[in-house]
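Let me begin by presenting the structure, written as structure tokens, before commenting on it.
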Amino acid sequence: MIDFITLCDYFGTFAFAISGIRLASAKQFDWFGAYVVGVVTAVGGGTVRDILLNDIPFWMTQPSYLIVSGLALLFVIIFRKYVIKLNNTFFIFDAIGLGLFVIVGIVKTLEFGFPMWVAIVMGTITGSFGGMIRDILINEVPLVLRKDIYALACVFGGIAYWCCIQFDLPSALSQFISATIVFSIRILAIKYHISLPVLRGEE
Amino acid sequence: MIDFITLCDYFGTFAFAISGIRLASAKQFDWFGAYVVGVVTAVGGGTVRDILLNDIPFWMTQPSYLIVSGLALLFVIIFRKYVIKLNNTFFIFDAIGLGLFVIVGIVKTLEFGFPMWVAIVMGTITGSFGGMIRDILINEVPLVLRKDIYALACVFGGIAYWCCIQFDLPSALSQFISATIVFSIRILAIKYHISLPVLRGEE
Amino acid sequence: MIDFITLCDYFGTFAFAISGIRLASAKQFDWFGAYVVGVVTAVGGGTVRDILLNDIPFWMTQPSYLIVSGLALLFVIIFRKYVIKLNNTFFIFDAIGLGLFVIVGIVKTLEFGFPMWVAIVMGTITGSFGGMIRDILINEVPLVLRKDIYALACVFGGIAYWCCIQFDLPSALSQFISATIVFSIRILAIKYHISLPVLRGEE
């Protein structure tokens, strides 16, 4: 089970880093700049969570996240022409990573003794703030705040986890169910173009 | 007295959140994205302060700030057409909130054992960094750095607090005086179009 | 030796603050806004480092960094017309500051008990995140991520430090060598227009 989760973690990190690196390449970043954007996209959400929880950021205890992001950079440099064709694959990885990141954020926050509503907020931050910081770095309005059900999918995953806990489901099952719900909402929202209403400005 | 302060805190949070939500609506954010911008505007300054003080962010200990921000979103959605007419009311709320936020930042920093100059910086950060992060999220140059006496009003409030302490005024009175000074400077600066000189670039 | 390092620290802070204030002036910031950008440029990298290390930010223990940044603002206001002519001087100061900041970041991180690779990352963050936050505040794509060897010079300085340690060189010498390497790479990269390849986007 641990191996499977670690694998999901790496695939998610890889997909998040790829999304940062690709957007950086559209803005003429140099290789190292693109790598920085990739790393920040991959670890940014969890880093903000750990800072808020007053803990040492998770990626400082083992180098694998920086290495996986480096592999993502190599991948984009070498397979540049084929990256577009893999869009759907990356999207699946990204959705898997999102589901996992949300759960990791929730479980860690509960372990720190915070109530469930803080855990749901932290799960959402873990999943969505990396993409937000990415868009700030490339000087765009954050996509996750403008369309698609992204941050909201994280919130629903958190509420699902809370429901599972209410029904006394075992911890591993609760985590699997909520991650699947985050994953499914992302897939369905993209496939059927479901989105929240845009907030209309004043006339 | 506590009730009055709590009330000011909620009105200030509400007004700060409204300002974030309205600016997000001008950039076509969806409902949840606008909510995130509203929350960040309301709690961002205090969160940066608490991170710098190495403390758990204040909004993680009670859900009222997220709830008040949610009410602000509902308010903007439902009363969209009338929000503009309430501009002056929101401005008053915002100035009250600013005064209170500055004092909360100063008092907390002094309680943590830092010297007065750090407390003044933290009061200014508490009052003005929420608006700065808001403008970064909507991809604009931060307004508080460009015009109006905003961050500087916070600094003056801090200096006023220091003067009160020098004269051995009781703590509650000192807080009231400094909050009133922040509030008054904001009101006067807007009413009489007082602003700092713009820093001219090189020719 | 301590005096020399403190001097380098102040000159570096001054040069970093100048770069923030000048870019803010090009965007019509008012005096106080320009000062905030200057301070953030000068202390931003070290502040992010200290937050990640879960420590109180260094500038909160003594006011000299805020004072030096204030002198930088005065300097730009008074000598506006001559600032351009001093471009080369500022560049040298900036490169000296960068070398020193990287070393300070590395040494502090090692003192906190982290492994060398974390120290190299923290040295790079100390040197380059101030400029990154500066560019976010003035709403530009961060320059340090797009061209010139900047963040990468910090990484090389960190690797040099690691090599020195491997050869059991005394601590002060290792620090001097690595700072010189950061400094030299910056000077050479600008003088000979050396830069990393830009990451090309998809066709």
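The chains carry the letters A, B and C, assigned in the order they are written, with residues numbered from 1 in each.
Basically, a contact is a pair of C-beta atoms (placed from the backbone, for glycine too) under 8 Å apart; a residue touches a chain by one contact, two chains touch by 3 or more.
These numbers were taken from a predicted model, which means no experiment stands behind them.
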- request: Tell me whether chain A and chain C, two copies of the same sequence, contact each other through the same residue numbers or different ones, using over half shared as the line for same.
  value: different
Query: What angle, rounded to the nearest 5°, describes the rotation that places the Cα atoms of chain A on chain B?
result: 120
Message: Measuring centre to centre with CA averages, how many angstrom lie between chain A and chain C?
response: 30
- request: Please list all residues of chain A that touch 2 or more other chains.
  value: 51, 54, 136, 139
Message: Quick check on the complex: what are the chain A residues that touch chain C?
response: 21-22, 24-34, 36-37, 47, 51, 54-57, 60, 63, 66, 76-77, 80-81, 83-84, 136-139
Task: Please give the residue numbers of chain C that touch chain A in the complex, ascending.
output: 51-54, 114, 117-118, 121, 132, 136, 139-142, 144-147, 151-152, 155, 195-203
